[in-house]
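What follows is a single structure, written as structure tokens, with notes after it.
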Amino acid sequence: MPEHTLLEVTDLVKHFPVGGGLLSKPTSWVKAVDGVSFHVAKGESFGLVGESGCGKTTLGRLVMRLLDPTAGTVKLDGKDITHLSRSALRPLRQQMQIIFQDPFSSLDPRMKVEAIVTEPLRAYDRIPRGQRREKAVALLEKVGLRAGDMDKYPHEFSGGQRQRIGIARSLCVRPKLIVADEPVSALDVSIQAQVINLLDDLRVEFGLSYVFISHDLSVVEYMCDRIAVMYLGGIVETAPADVFSVNSRHPYTRALLAAVPLPDPQGQVPPAPLDGDVPSPIDPPAGCAFHTRCPYVHERCRIERPVLAKTGERHWVACWLNAGAGFSV
Amino acid sequence: MKKSLFVIFLLAVFLTAGNVLADTPKKGGSLVVCQAAEPQGLDPTGNTAAAIDRVVFANIYEGLIKVNSNGEFIPGLAITWIVSGDGLTYTFHLRQGVKFHNGQMFNAEVAKWNLERAMNEKTVNPHPEYFRVIAKMETPDEGTLIITLKDVDALFIAHMAEGDAVMLPMVGYKGAKSNPVGTGPFRFLKWVRGDRVEMARFDGYWNPELPYLDKVTFKFIGDASAQLAALKAGDIDVIGGIAAPESAMSLSKDKRFKVYAGTSTGEVIMSTNNKAAPFDNKKVRQAMAYAIDRQAVVDLVMFGYGTPIGSHWSPSTPYYVDLTQKFAYNPEKAKALLAEAGYPNGFDATIKLPAIYSYSKRAGEVIADMLGHVNIRLTIEIVEWGQWIERIFKKKEFQLTMIGHVEAWDIGIYANPNYYFQYDSQEFRDAYAKALKAPSEAEKAKWFGKCQEIIAEDAVNGFLFSASGLPAMKAEVMGWWKNYPTIAMDCTQVWLQ
Amino acid sequence: MKKYFTNLNFSLGFALSFVVIAMAVISFAWTPYKPNAMNARHRLEAPSISHPLGTDQYGRDTLSRVMVGAVNSIVVGLVTVAIGLSLGVLLGLISAYYGRWADESIMRFSDLLFGFPAILTAILITSILGPSAINAMLAIGIFYIPVFARLTRAVSMTLWEREFVAAARASGASEWAITIRHILPNILSPLIIQGTIQFAVAILAEAGLSYLGLGAQPPHASWGRMLNEAQTFMDISPWMAIFPGVAIALAVLGFNLLGDGLRDTLDPKMVKVR
Amino acid sequence: MEENLLEIEDLSVHFHTPEGIGRAVDHVSLSIAKGETLGLVGESGCGKSVTSLSILGLIPSPPGRIHSGHIYFDGKDLRSMGENALRHVRGRDISMIFQEPMTSLNPVLPIGRQVAEPLMVHHRISRQAALEEAVQWLNRVKIPAPEKRLHEYPHQLSGGMRQRVMIAMAMVCRPRLLIADEPTTALDVSIQSQILSLMEGLRHETGMSLLLITHDLGVVAQMAKRVVVMYAGQVVEVAGLQDLFERPFHPYTQGLLKSIPRLGSRAAGKKERLKEIKGTVPSLLDPVSGCKFADRCPRVFDVCRERQPELEAIRDGQQARCWKTQFSERSGRYA
Amino acid sequence: MVRYFIKKLITLVVLLLLVSITVFSVLYVLPGDPAQIILGLNATEETLANLRAELGLDRSFWVQYLGWIGDILSGKGSWSINYDMPVYDLILSRLAVTGPLALMAMLIGIVISVPLGIYAARHQNRPGDMIVMFFTQLGLATPEFWLGILLILLFAVKLGLFSAGGFPGWSVDVWGSLKALLLPAFALGVIRASILTRLTRSSMLDVLREDYVRTARAKGLRERSVVYVHALKNALVPVLTILGLQLGQLLAGAIIIENVYYLPGLGRLVFQAIGQRDLPVVREIVLFMAAAVIIVNFLVDMAYASIDPRIRLE
């Protein structure tokens, strides 16, 4: 394990109750995150990729302790924050911040930009108004907005600009870790590039670590140093970005990669690499969660759940084929 | 033993009737009578509510003695009654061959049983004291009932003529509340709750000439304007008593209808809590009496349909003394009296008005305005009937209230210091006791008159007016009572032209 | 402010409510006659120059009484909305925040209240406490608690799920700070809108209770009771039954339109919660 | 040149809002040949969806209104057709599928009914027969156990299945043109590839034309033969697939292509900084006198801000709306 | 569906139980002695005590409550003090007035509102819509009892076409009884229609903006089937909720209009029974009314489920 591990997540589990009321117990549980371990080094950009419902967003919020995990631990800078109370967490919030997907929902429509970007400051100490404004100006300029935007309301901005405001807010307390939850998914292509570049620049400038969550493989590959692929609440593979597209080993990862339409003039549609839908996270398949759709499924996959096994430099795969017989495609 | 004898023959009834009616009565037809309040059960011996008596008394049920429209006692199930000289023994000669609607026979035994039932300690008769004056009863034969009283009771005959003393059959009396059986001219058909009570001519009535009508329906329409509309639309023939005098006003202008502005037994009074300051001060009460312009009250509240009174006695009841001039309207005198009583700047008080009676609400508003002119500032609080009973009548949590006392001969309530207005006067109690034991008419008149004067002088309550019964009907309805000296709407001799 | 007045609903509503409020305010200083002064010589008069809306059965001036009645209606509106807002918002916030059993029990409580027919409950309340203006307000106000609680709950529940709340949490804001800084400002405009509409509803409800004799007590003028008194005089002086009703309708129309106008301008997408 | 199945000429659609008139579609012309797949590409709000909705007269009105222009389908002007005649074109000759398969299906009707409905309306066949055909189509779009599914409701299906139902519904009358408005945007990539290959298969089988509206250049690259690029309500470039990706002419098109990260670039050892297009899309409400892209264009000239360029041909099958076309011809300053 | 049904049913039962306890305790503390009211002002203390014992008023709260619930569950019900008959029969006879009144009002409301609402939605912001919306605003602002009074003024006082109130009774005069209910039902119905029209309109507008309506149009459906098949069924869901709420409230809440027209309905009965302290009647009717509201809501939930497969198939 590399030195300077900033974030360490071990066997994290989150189950959400379904149904249930005043008198009745929940009828079932959504196993949104089901035993996930990973770590993020200082300055590293770690990508979490997967299809909708795979648990990546829940995982992001668990890391931020916006949700309380059902089991497992989260360590930030070596400190176990899994069971810290809200007030005990408060000082630690300076070290980690989050950026959200929806630039409309993530900004309070009744707050002015100045108040929004400096909100993280208000949780700690009373900073004089003048100083706050100075800080806000600096932040806005850092993300490419103007000081004059400070007294506007969010609805006066376009989607890309709002996302910049969200980024400014997350930078306010100089965090070490930023969880970016689909930060560019809601943006138009031409705006996406602006935000991606901004995030990339900021990372260098502030020495940030990212947990970068996205469903878009191209963006994740571009942004991240290491990529984890999630399927039904579990990580099936983590691989360094530079080998991800060519040397990934899990059948699901390969299928995903094959399904991405490349912006090159092919003029034809390749056959779909996967059939059927993702099973329900309420009742995930036994054994390997992917076995219902896996073209290489064999007996063991149906019974026993594979664990992540190292197959290369910083490259781990949870698949019986890889772990056992040294499978390669 | 010298006996005085009152014998009034049936013939006399016919004579009286003949005088009243302009034409020869015709038989047949049906009549729909409207009354505001629906009775709560149909047994007058279990409840004093006037609504019950109005429907069933004299129509379905009869007592030993009846009252005619002039307030005179006439034979009912007793043909004659003889009172002994000492006023203690009453010998009733009962009518022979009288049948109840269910075929049971009426006789002295039944009469005795009824009276005993009313005095019984488990009784729910609201006035057991009417009967508990009886020391013993004898039934020498089927047609004779001899009652011996413990003490002289001047009102015994009057009480025997009230709804509390009607005769029920020994078999079938238990259902009286919903299925009344009596000896009256009409037999009960059905009661559609919330709407009407129907009764039909009883063919076995002891007077084969009566009643004239084949069917009588009592319909309950609570609101004045709906009553009026129903009468105009022809849905009903008679409004037993118009609740809103404004309706009488508009009806009396219409040739198709007639309205009688007769008298009733009721007195509308501003009941005053005589134990609550400042009303425990006689001068304050008298000042209020001066401050009230009774004729104006009658005009504003009743549109003129009513008679001002000066004491707790209705002009239609025997022995009435007109005391209205005792405290003739004089606001200056009222102010002077108030000042004397220590209230030169007047005072504030609350008057609680029962919500169910529009006359009392209206009278309350008018009185509040009038007393305001002498600086008695009244706050009006409308009280729902259940609350009125609980808070005002039982717990006496009030200063002033407004209510009509409809029972005849009820001046005795002033002899009870625990009655809700809490009037405590030995002088009155003595006078009342004397009145009750008065052996002669002259003595009775003297002492009942004295009673009226005492409470008038003490200005116990604000004596306002006796409301007219205000029966209204189609022009062709004949024989309806003009005055209501008792609580009944006697249809026995009503006929249609 | 200009954007409000370009809205027809708002302008009309504002004008009507202004008239009603002005009527009430003026009545404190001046009415054509003393509203409670009886005059046996002038009773049941038809509208004329000296009595523009006629007189009632005691000869009181209807215009004066309609003016004073406006005070009554406005006070009822204010008090009931205040009752509903203060308790309803609190319950709604608790319900939305704690969810689970707190939510469940508060919502069942409001179901229970909704299960009782409103008028009937009002009648029961007044028969226990006695009929009075204050008790009528209480009876109406109680029904506003679930109205505002549901609205607050519905709106704030979606707010708690919004990402800016998560962002505030991630910034270390306490739950209390989030409620004050984010939730309350965002539920304010739906509450104002609903409050205006409930204000109108309260005027209607009070008129109904007064009509049954359960509202303001005589001699104080209230529109509903004036109508009740007028009913028996309908064939003698029908105008008595007209003007108080017109007053009610205009006042309610005014505040309803005001509410709709506010909704149009403040919060076009707001869902009406029953 | 092949015969065009659909021809849109100089179409303008305006939205009347309290804030002013929004020119959602501004003099747009395009055509689709028989059997062709045309890709219509652009960012949100560029007018691509409005263009497609106006073909069948489905613009929400108010506030939208077709201001001018013609839409010819098979030679007939759809705009001058009566509502009733146009209704017979909808669902029979031209079908549509939409982005959100959840909201585009009626939640309270069973899917069989919804799929069969166009048949009952246009072919006037009995419900039974229509349902039988619906089963066949559900089968063709690879919905397992279609007989059973007939009676199910949209919420019981996954997103991918719903979009298959939408496709079946659009196909039952064998339309000659299918308009697919962002058909896979709401879906995951693995489902997207299923839907795309299904659509391509059906197009191939039936020989219908396909108007594919998308913002995803990758999807276009797989499906289309020819591409129309829209920006701020205008067509800015029309090109064959190869030309578009290899020789994009309009600076906007060029910018788009350079601004997307390409999968596999890290493995190839090159992480180049993305070329971003600065600024944001202008509001449709503001009347712009010059080129609408001028404010964001890296090579803007004075003339760009003053006059609007026309769509000009650059080479066979490629057109662009840019003053560059003029310069390249007259002064050769640009190639 | 079955799960949903059972869940709703349990809620219903719990709610009814809570209502019954609430009703009973409220009436338990209600001041006013029924015995005194029955026997009148001059009754003696002894007679009063006798009657109280007979009515069971001297027993403890829980004994009375359990006795009452027992009577209700056994189908016996209680006995009216005033009317001396089973309260069930009393309710039934009054329901014969209030029931038809509520249904007629509802019917009038629906018949007016649904077509108008759809019309207004389809002509949004055009003159027709504005006129409809204006009248519904007026309707919302008009107290129903005032409308009732105005109707009396016009049809009874001026034109003499109707009587100003009262009810002849079904057994006496069916036509007359219907006629007696017409004006009050109209007054109630018109006010309800205002609410329902606005609701139908806004619900319809929402639905008409939905994607699946666009889909239906794109399929080439006739506008009629787009509106009445695809849109209406969805639009009716919120309308149904309010409809149920209104019907429940009408069954219970016609008190005022019954007072305006002097109809011997449930509302008037309970209003009077409170004044007379006929507690068995009050209790049972309040429970009945609350149950009516709750049960109608339950039925609405079920109707909902049958319209909306998302609930039905949960």
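Letters A, B, C, D and E mark the chains as written, and numbering starts fresh at 1 in each.
As a working rule, a residue touches a chain if its C-beta (ideal position, glycine included) is under 8 Å from a C-beta of that chain, and two chains touch if they have at least 3 such contacts.
Worth saying up front: this structure is predicted, and the values here are computed from it rather than measured.
Listed by label, the chains touching chain B and chain D alike are E. By number of C-beta pairs in contact, A-D leads over the other of D-E and A-D.
If each chain is reduced to the centroid of its CA atoms, chain B and chain C end up 46 Å from each other.
Computed centre separation for the pair chain A/chain B is 90 angstrom, with centres defined by C-alpha atoms.
Rounded to whole angstrom units, the spacing between the C-alpha centres of chain A and chain E is 54.
For the pair chain C and chain E, the distance between mean C-alpha positions equals 22 Å. Shown for chain D are the residues that touch two or more other chains, of which there are none.
Touching of two or more other chains is recorded for residues 223, 225, 228, 355, 384, 386-387 of chain B. In chain E, the residues that reach two or more other chains under the touch definition are 30-31, 164, 259, 274-275. Touching chain D in their complex are the following residues of chain A: 51-52, 158, 160-161, 188-194, 196-197, 200, 215, 217-219, 221-223, 241-247, 255-275, 277-278.
On the chain C side of its complex with chain A, the touching residues are 101, 104-105, 108, 162-164, 166-175, 177, 181-182, 185-186, 188.
In the complex of the two chains, the chain D residues touching chain E come out as 53, 56, 58, 60, 62, 83, 87-92, 95-96, 98, 100, 103-110, 117-118, 121-122, 153, 155-156, 166, 169. On chain E, the positions that touch chain C within their shared complex are 11, 14-15, 18-19, 22, 26-27, 29-31, 137-138, 140-143, 145-146, 149-150, 152-153, 157, 164, 202, 241-242, 245, 248-249, 252-253, 255-256, 259-260, 267, 270-271, 274-275, 286, 289-290, 293-294, 297.
Chain E contributes residues 30-33, 36-44, 46-47, 50-51, 54, 81-85, 90, 93-94, 156, 163-169, 171, 259, 261-262, 264, 268-269, 272, 274-278 to its touches with chain B in the complex.
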